[in-house]
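Letters A, B, C, D and E name the chains as they come in the text, with residue numbers starting at 1 for each one.
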Amino acid sequence: MTTALIWPGPRSIEPVTPEALQGALAQVDGFLWMDLCPPKEGDRELLRQALGFHPLALEDAFRARERPKLDVYPDHYFLVFYAVDYDPENGLLRVPIHLFIGSRYLVIVRPGAIPAVEEVAARWAGREPPGPVAPGSLTYTLLDAIIDRYFPILDRIAEEVEAIEERLFAGSDGRLIEGIFQMRKALLELRRVVAPEREVINLLLRRELPIFKPEDMAYFQDLYDRLVRLTESIDLYRDMLSGALESYLSLQSNRLNEIVKVLTIASIILMADALVAGIYGMNFRYMPELEWPWGYPMALLLMAGVSVGLALFFRRRGWL
Amino acid sequence: MTTALIWPGPRSIEPVTPEALQGALAQVDGFLWMDLCPPKEGDRELLRQALGFHPLALEDAFRARERPKLDVYPDHYFLVFYAVDYDPENGLLRVPIHLFIGSRYLVIVRPGAIPAVEEVAARWAGREPPGPVAPGSLTYTLLDAIIDRYFPILDRIAEEVEAIEERLFAGSDGRLIEGIFQMRKALLELRRVVAPEREVINLLLRRELPIFKPEDMAYFQDLYDRLVRLTESIDLYRDMLSGALESYLSLQSNRLNEIVKVLTIASIILMADALVAGIYGMNFRYMPELEWPWGYPMALLLMAGVSVGLALFFRRRGWL
Amino acid sequence: MTTALIWPGPRSIEPVTPEALQGALAQVDGFLWMDLCPPKEGDRELLRQALGFHPLALEDAFRARERPKLDVYPDHYFLVFYAVDYDPENGLLRVPIHLFIGSRYLVIVRPGAIPAVEEVAARWAGREPPGPVAPGSLTYTLLDAIIDRYFPILDRIAEEVEAIEERLFAGSDGRLIEGIFQMRKALLELRRVVAPEREVINLLLRRELPIFKPEDMAYFQDLYDRLVRLTESIDLYRDMLSGALESYLSLQSNRLNEIVKVLTIASIILMADALVAGIYGMNFRYMPELEWPWGYPMALLLMAGVSVGLALFFRRRGWL
Amino acid sequence: MTTALIWPGPRSIEPVTPEALQGALAQVDGFLWMDLCPPKEGDRELLRQALGFHPLALEDAFRARERPKLDVYPDHYFLVFYAVDYDPENGLLRVPIHLFIGSRYLVIVRPGAIPAVEEVAARWAGREPPGPVAPGSLTYTLLDAIIDRYFPILDRIAEEVEAIEERLFAGSDGRLIEGIFQMRKALLELRRVVAPEREVINLLLRRELPIFKPEDMAYFQDLYDRLVRLTESIDLYRDMLSGALESYLSLQSNRLNEIVKVLTIASIILMADALVAGIYGMNFRYMPELEWPWGYPMALLLMAGVSVGLALFFRRRGWL
Amino acid sequence: MTTALIWPGPRSIEPVTPEALQGALAQVDGFLWMDLCPPKEGDRELLRQALGFHPLALEDAFRARERPKLDVYPDHYFLVFYAVDYDPENGLLRVPIHLFIGSRYLVIVRPGAIPAVEEVAARWAGREPPGPVAPGSLTYTLLDAIIDRYFPILDRIAEEVEAIEERLFAGSDGRLIEGIFQMRKALLELRRVVAPEREVINLLLRRELPIFKPEDMAYFQDLYDRLVRLTESIDLYRDMLSGALESYLSLQSNRLNEIVKVLTIASIILMADALVAGIYGMNFRYMPELEWPWGYPMALLLMAGVSVGLALFFRRRGWL
């Protein structure tokens, strides 16, 4: 569905033709908001004609396969960001959002629903901005809403990481490895979204970008700080997961160690006793013990003695 | 086979002599396309005489052993790229392509067939360019075609990586390690092509290169973005493979752990039972149990009791 | 509780209203010290009106979720640091402290008690500064007191690391892994506080910050040196813990190796002896040895011979 | 042996005294080539007096303990490189070569034979250079000859790495680990030569060095490219060896896993059968089965049944 | 003990009072050498009054807890270095040395004996410098003597590393891991001294430091080169130790693998033989073999046959 609004107004433009868009922009202080979700194939030509976007940027926006980036064109910027959703079943879901930011327009191209964008759109559509619309603060509002959604996702991952850590020293659990694996993958994918976005905002802060006003920079700095915090938290959780896996494996190997030792010692003792029994089960004609009245209890006592002796021996060598 | 075409035309130059080449270039707005595949030894001298290439660049091009790089000479650039093919049997196949890019000529030296190049050549040979040929857009077209072929290869690797991940938690599979090893090697070799190419394009973007026009830069920026995306994807898949191998080994060791525990406990129980049997197999003359009418069932019951007792004991200690 | 003092004085301002604050600042050479711990919601508006702080900085300070950072506003700086406490039970506790530093005021916002801050406040509140208050040296005094508390924490961690190392080669100890895991986590969290703080002070040293005087720089350089030392020590202890874990696991696996070898050899010997006993326990009618008068001692001697022979064999192969 | 030649000529200078050297250099367009191999102690004073070399540079050259480096003195450069030889028995052999490069002289100090240097010397000594000698191209020729020898060494290492990879999936081989260890060490030592040399050539390219001519730079760029290629190949082989070792260990542990499982199951089955035999070996007076005519075959059948039953059970649990 | 000498002279100053020091420095071309080892508490005030050192620098020097660093004050530098001693029992011993370097004085503060410093002091005290004392060359001489002591320590570590490598493939050795652990710790601690010292000298080279003369820079460059060489050697030995540990563990696990396989196979064979014996030990009335005259040798032959058959079977499966 394509939405095109013009401020002050906000008046909806219908039908959306190149002429209608250019007419709307010709208006004094007019600011155009367009939201293509999902874009129709004809929209590409529409945007090229009405707003003169670069074919490569349009290609990226309509094929929706780019990583987060910022391309600076003479009269507009092309910004790619990712909205993210998380679901323990399917892992991380990423929806790209492509922004064309001009001094008089903001064009959004996105292949699917992004709650953060719709919420901002609803808030802006409902009220009349008091003065001319500033593209900088509008961009900030959008990116802010998108980044705000990253934090609850990271919080959920953090909760799962802490749950994993707690189960770590509680005992053996085969699903732990799978859980660690899933968390690492989710963090890897989240980092792959957040780290380039941080670079994009950094680029945006370092360059002189005439469309944004100097007072907008404090806001973009705020976005940058939050993205830095996100990447650092992701790295922290990744380190914690690595440490957890390492400790888990060490503990497992320790427990196996302990069990194998105890069981092997038990089997040695049983074998020694069985050897005693085997000896007195031999059929030699001349075995004096067999004739002794106390032979049988003596044999049992011998077994008990061998068992206790071996147990003491192993304990003394520190194997038990 | 050596192909030499001159635009506008495209007229084929035959025979290819230094004089013929220089004559063709003397033509107003003429643009020379040469494709040496594979180069003959005499071609080296031909290129040196007709176009004045540097001996070191010619050495690199004819010995075909260079990594991706960009050398800037006063009136032309020497660019080395790699076309890549992938085949599960033989892994990654790399064919170097050497480009000498002047303002009026593009000379390609390559040791073997590269479908991407042949396709571009066919497209250009068939139609008359509307105006003078721009070396920047011709270079972009060529590199774009080469880079385009990387993506399906990465997609196939990605599919195999995902197949490996799916098999990971499904059970033991000895071929998994070999698969991970092959994938890592392929990714390592692909990265070794892509990462220096990314640096080459970055260099090309940062330097003032008079042969290319400013409007070409958006196209080279696009190539750069795609190479960045490729390297990031390669690194992601390498990280995923590392994680997969680690998880696989942990799972394997966990399973071994579990099996060894169960089997060792079973052998302890069997040994304890065998000890009971061995005791009553002793040949002592005075063993009262042997004379009991219910001695035999009692012994069997004792074995059953020992078995159940040990099983309960091990379960209580959490070993079962 | 909100404390507001004005120097020279120090006179306490009550009630704390925007007008009272601005009046106090209008005084010649007046310097305002405010300490909000914890801040009330109305304080946010108070600070915005009286001192004109940026909404984003106020948001950060009142939601207390930022990493260490320095934001430079035209007439004041916004600095976030962390006070740290350590407790073997709960690990590292972090309390953020937010400083608004102007040429005539220092405003502290913090969610909880920080002994270092209270101590500095008590020292300053009690005595009249001889001349006008310098924000640089006041900031230094505060940060110095906060950083001073990191060192005993690191010392305690260092003691535990050394205790772990000593126990390492002394014998098997299942709690060692948990101890290493806890120490690594504490170091990771401490590093996450210290490393960005180091960057903050570095930024503060490299930028021309008009509110601080050039002679303050030696003091901030001192803070920087100590934070560098802290991060290096943290990294050293992390490396030592990694080495300790690796060595511990190697030793464990070595010991298991040794024990398994010895026990398996023992079981082989017992089995061989049992086989001899089993053979002479067979019920064949014609077994000449059974009739021999010395058959029984001979069988026992055979067992002893087999045992010694196998032990020698295994020793010769280096398995024992 | 000390060789001193003067061009044009090449006339040999004998005896080599400070006066003779200075006289030779006073000649118009004269270029001095000196080769000290190994240097005598008196040569140090000779070089200091005749050519004014810095005591620290002479100290380095005569004690032959430096890493590759470039020191720039006002009227000459001091360059340290390493010639390398490889021998499967002794690993990597390194011979340092120290070059003092002035606009009118090249002085070589080296402790032992370097075939690459001797070959260059022979080529130059035999023919008269057509014009004045350029120190840049002479330096290039020398370094080029030295670097050329690195490639066959790397090729041999590469062959061994590939041989290791092929043997990897073919079966267990105890020498594999030793081979990997030797290769890693050789690569580590080769990298330690090549990486600083790359930095040296990079420094030489970035600085304005008046003794070398601008047209020499293309040649030094060529050396730089080759050293970059070498380091990248070394890193690739190191990564491949790491991957190979990891895969080898995983495979080994997998095979052990498999074998231990099968053997433990076999021992469980044998023990169960032995228990049956033990039960019927008990000496109870009242054991009805012992009197049955078909008791013996029934017992054997019971054993076979237990064996098959356990095998099926283990197969069903996926342990076999 | 506090030593204060004035050059030319060298006359000893006694008593050491602020006035005496300032009087000595007022002398034309006078150069003051002070060596406080260990410093007395009163010396701090003395240095502050007589030479105007910064309180922070004095704090660092008297509390002796700093890492290597260089602080630049307007009229002097404050340099912290470490002298190092190594002892297989106690590992690395570090003694800090603090230098205050002015154009007319060198003040040394150190908590304990440093042979390198005492040797330099003795050399300087004994002879009269020919001209005015240069602080640069004096500093170089001191640091050079300190750094010279690092090399024999590294050589000893290198010898131990090589000894470890040689023992690696010779057989199992439990102390090897402890040796590797100690060496890694010593290298880690040595690196922690050398790496920041390298940075200090690098800083000293890059900054314009008016107290040192341009011709001193070649000497400081020499120190820098040696510290770079030291860090590279340390990193090389650390890599070699990592490789050695990894190979050792692989070999150990391989050997365990081999032994466990052989012993488990032996136990299978013994169990199979014991089963045969157990079967003929059963007490069934009707067991025809028991009555056969050749029953007993046949049973023994059966056991031998089973043993050989199993051994062949395992060999064929490649387990033996």
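Here is the rule we use: a residue touches a chain if its C-beta (ideal position, glycine included) is under 8 Å from a C-beta of that chain, and two chains touch if they have at least 3 such contacts.
The shown structure was predicted, so the numbers you read here are calculated from the model rather than taken from an experiment.
Undergrad: Hey, how far apart are chain C and chain E in touch steps, shortest way?
TA: 1
Undergrad: In contact with chain A and with chain C at once: which chains are those? Just list them.
TA: In this structure, no chain contacts chain C and also chain A.
Undergrad: Chains in contact with chain C and with chain D: which ones?
TA: Chains touching both chain C and chain D: E.
Undergrad: How many Å are there between the centre of chain A and the centre of chain E, using C-alpha atoms for each centre?
TA: Chain A and chain E have C-alpha centres separated by 40 Å.
Undergrad: How many angstrom between the C-alpha centroids of chain E and chain D?
TA: The mean C-alpha positions of chain D and chain E differ by 25 Å.
Undergrad: Mind pulling the chain B residues that touch 2 or more other chains?
TA: Residues 253, 260, 264, 267, 271, 274, 278, 281-283, 287 of chain B touch two or more partner chains.
Undergrad: Let me make sure I follow the ring: beginning at chain C and going to chain E first, which chains come in turn?
TA: Once chain C is placed first and chain E next, the ring gives C, E, D, B, A.
Undergrad: Can you tell me which positions in chain B touch chain A when the two form their complex?
TA: Touch list, chain B to chain A: 168-169, 218-219, 221-222, 225, 228-229, 232, 236, 239-240, 243-244, 246-247, 250-251, 253-254, 257-258, 260-261, 264-265, 267-268, 271-272, 274-275, 278-279, 281-287, 318-319.
Undergrad: Which part of chain E faces chain C closely enough to touch in the complex?
TA: Touch residues, chain E against chain C: 54, 56, 66-67, 69, 71, 73, 171-172, 174, 177-178, 180-181, 184-185, 188-189, 192, 196, 245, 248-249, 252-253, 255-256, 259-260, 263-264, 266-267, 270-271, 273-274, 277-278, 280-283, 287, 289-296, 299-300, 303.
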